[in-house]
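Every chain is named by a letter (A, B and C) in the order it is written, and numbering of its residues begins at 1.
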Amino acid sequence: MIKSSPGNFLEDFHVGMELRHATPLTLSDGDVSLYRGLTGTRHALYCAETVATANGFERLAVDPLLAFHVVFGKTVPDLSLNAVANLGYADGRFLRPVYPGDTLRAESQVLGLKENSNGKTGVVYIRTRGLNQRDEEVLSYIRWVMVHKRDRSSKRLDARIPDLPKAVDPATLQPTGCYDHWDDALSGSGHRYEDYAIGEQIDHVDGMTVEDAEHQVATRLYQNTARVHFNAFAQAKERFGKRLIYGGVVISLARALSFNGLGNAAELLAINAGTHAGPFFAGETLFAWSEILDKAELSDTTGALRLRLVAVKDQDPGQFVRLGADGTYAKGVCLDFDYWAAIPRR
Amino acid sequence: MIKSSPGNFLEDFHVGMELRHATPLTLSDGDVSLYRGLTGTRHALYCAETVATANGFERLAVDPLLAFHVVFGKTVPDLSLNAVANLGYADGRFLRPVYPGDTLRAESQVLGLKENSNGKTGVVYIRTRGLNQRDEEVLSYIRWVMVHKRDRSSKRLDARIPDLPKAVDPATLQPTGCYDHWDDALSGSGHRYEDYAIGEQIDHVDGMTVEDAEHQVATRLYQNTARVHFNAFAQAKERFGKRLIYGGVVISLARALSFNGLGNAAELLAINAGTHAGPFFAGETLFAWSEILDKAELSDTTGALRLRLVAVKDQDPGQFVRLGADGTYAKGVCLDFDYWAAIPRR
Amino acid sequence: MIKSSPGNFLEDFHVGMELRHATPLTLSDGDVSLYRGLTGTRHALYCAETVATANGFERLAVDPLLAFHVVFGKTVPDLSLNAVANLGYADGRFLRPVYPGDTLRAESQVLGLKENSNGKTGVVYIRTRGLNQRDEEVLSYIRWVMVHKRDRSSKRLDARIPDLPKAVDPATLQPTGCYDHWDDALSGSGHRYEDYAIGEQIDHVDGMTVEDAEHQVATRLYQNTARVHFNAFAQAKERFGKRLIYGGVVISLARALSFNGLGNAAELLAINAGTHAGPFFAGETLFAWSEILDKAELSDTTGALRLRLVAVKDQDPGQFVRLGADGTYAKGVCLDFDYWAAIPRR
């Protein structure tokens, strides 16, 4: 009997399958500090108890992306230990704030399956839900991931591909923040909902070089166990020859960089889509730019921006590579991330 | 007057000598998060308040190895600043859980002394006890360490070597966990006490590459001040030519790797023995395998496994080097650690 | 409209100008742990709740330098994003302890301005105050910084240089600690106020090598956004060709190294002056020595030492470079820092 887990392969999944993932995690002030130290996040709503409680939160909540990475990490041993690639996200929703002291666990349901024509791999579509210690859903998202078959000769599966929304309907967004006591001096940005125009692009001018120690600590903090991030000895024999940085680390760094230009868009409400468009490695420097895809008025004090956040690497500000109209990604693009964030109105 | 401490030399110790070590430390949620970020530990019992309180703990406790490293660290300025090598451990006992907010301090007693025939070094045997803010003993262990003599011509000491138990008697083990509400889905392992057989070996298939930044942060977190871990400028002129990773970092990483195969054996009860069998350096990748040395039924719901945890470096899973019957260690073996852990019964 | 902040240039400042800086930060146990992991600080007063509360503190406070770096970091986007160099500090005062859970924000006032004769740069003198969630001043200091002009042809400013005290008057120092239950065994030093003589020099024998991951995590923890510390891609084209370590990281490391010789001088009371005398880079090893500049009796139980803390790099203990009488700094000197610290009396 082999007691080490080999992870699941394509044949191990079936549509409707339910999974309860291991290692519930109690988040704490310690995670909040480490997340700040590792990403450089500066959104006042998630940094200052005073700002959070003045604007609708009970206490200082953890950054929604930290909660997302923790929930995601729990699914890795069951869903993507043998993954070829994490292909996309859809219908991600942040439903409740997560406070230090909350314990998060994760459950998933298989929504769809498709075998690839090469007979070696396939795609699994999964809905994952993050739950707190009161069994309240705090976040939920769909992702699809390419996994290996265990046995190339195993019987071909009937494909079932779920319908995926292109974006979360803004009418369903429910921010926790009320933004009726927002102070632009404290948030570090004078730009509010009305100041952004659909189609506008913002270059976030700062860059962040990432070290192996940094992405490893982050990825372990989230308890993401995918081997490609940690084992230089094994990776030396693989395609890239080195450790690959977890895509969630790239999302958080790009989002932290986007503070400089989007400092008031702190509260993440939904993830519409996301593509890890290219690899990112230690020693490289990450940059980011954003595009305003859509806008929605949620209340008298609160708006929402639909933002495309694009992370690129090793490029000069002012010359960041853009996305091709053909849907392909130029060299140097690491991330194409589509999300809704709340922002105070004037 | 020199105010910087030179540490103690062999001549400074005598049998029966009592030491109260400096810098009591209040452990916090921050230490718990950093310990997770640095080791990748995933034992649900020490990650989730829900799991801990359902199984006999008052609150979420800190990992026993974190408490051990902190107590050990306090002894370094007095016991091993001038150490040649940390030779072994015996009779280690984890007596009480340590909770965030507890303040740990350390006291030691010299049990034995022996001068080496080279006249340059000797061995000191020490019992160290970790105490909390209520002066309750939380852990206790013996270690012996080779230290330099201050003066080669100083009078030879009479040797006194204490009797050391080969292993902690399982009849004396007192787990805090009661394991009557254990959930294998949440712990991430379906293997319980009855599933392990004496003599069984488990290869933990994952590997972890360690960076200088990681082991330095860990070792400072534990306030272990041994110079060999931090000072690349001085180490460039020494035997290895570089910084040596603290053996406690190796213990914690190997134990975190052993989760994959021993996920239910969370609660450390005793350290029977331990040898830092070879050096481990930044850039190298650590692997681990375990052997079941013994088993003991502690209650209707709780068993204990006596485990030999062996850490090896830069090797392919499936080909991990084993230990020679002659008691010597092959190249690539970093740690041979013998401990008791509690595990739920069926 | 450019939404990314370009920072302020010399022309943007005027004497009397008031600035409220962004991103108030709630400090937590997580920051305390990370600060210990990153610096190796061992002062019992800031490590152990038991020691803190026995000696006059309500609870375990955060290290005053951690609070200082956090307040300083808030000023960077407004004051020194376009800085050429941080030239000096004066009249720094630590006025109240900062406890985990406190939220710090920063306000500044421009005290003086001077354009340099090259027409390209100038010097701004600023008083910055750190305030907690009750609007109580917790610390205050003056710094002066060389910044770029936006436009070389812009109208020359009238110079106004404020009077700066050479040192904080010890009669105004107000320690929080009462030091009436001090235990030298727990603090790790037997040396008290009476044991130090004016003019005495102490070599702190330990060295600490710093990695890029370490200084980056520290500098992000403090939310200091100066680009020179994070962006290897851009720095490759600049003067040093690599990332520069934030001077606050050097201050904290040097102070942590000074524990070995000054272990009882835990409570920082004032910063008299400070010069970042030379650059420090990842891979280099920091050492430190101290000189007793002055002494003052504050109460029956408490004295204060005025200390010059000098950080040097890549040097052998016993051969640390000293300061020239001409006020210039020899190669290898990174920091010349003049401060008052409280220390128990006999």
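The rule we apply is simple: a residue touches a chain if its C-beta (ideal position, glycine included) is under 8 Å from a C-beta of that chain, and two chains touch if they have at least 3 such contacts.
Because the structure is predicted, anything quoted here is derived from the model rather than measured.
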| item | value |
| --- | --- |
| Path length in the contact graph (chain B to chain C, fewest steps) | 1 |
| Homomeric contact chain A-chain C: same or different residue positions, threshold half | different |
| Intercentroid distance (Cα basis), chain C paired with chain A, Å | 36 |
| Two or more partner chains touched - positions in chain B | 28-31, 33-34, 211-214 |
| Residue ranges of chain A in contact with chain C within the complex | 28-34, 36-40, 42-44, 47-51, 60, 185-189, 191, 195, 202-209, 211-214, 260-263, 283-285, 314-316 |
| Residues on chain A engaged by chain B in the complex (per definition of touch) | 1, 3-6, 20-26, 28-31, 33-34, 77, 100-101, 103, 105, 133, 211-214, 216-218, 220-221, 223, 225, 227, 230-234, 243 |
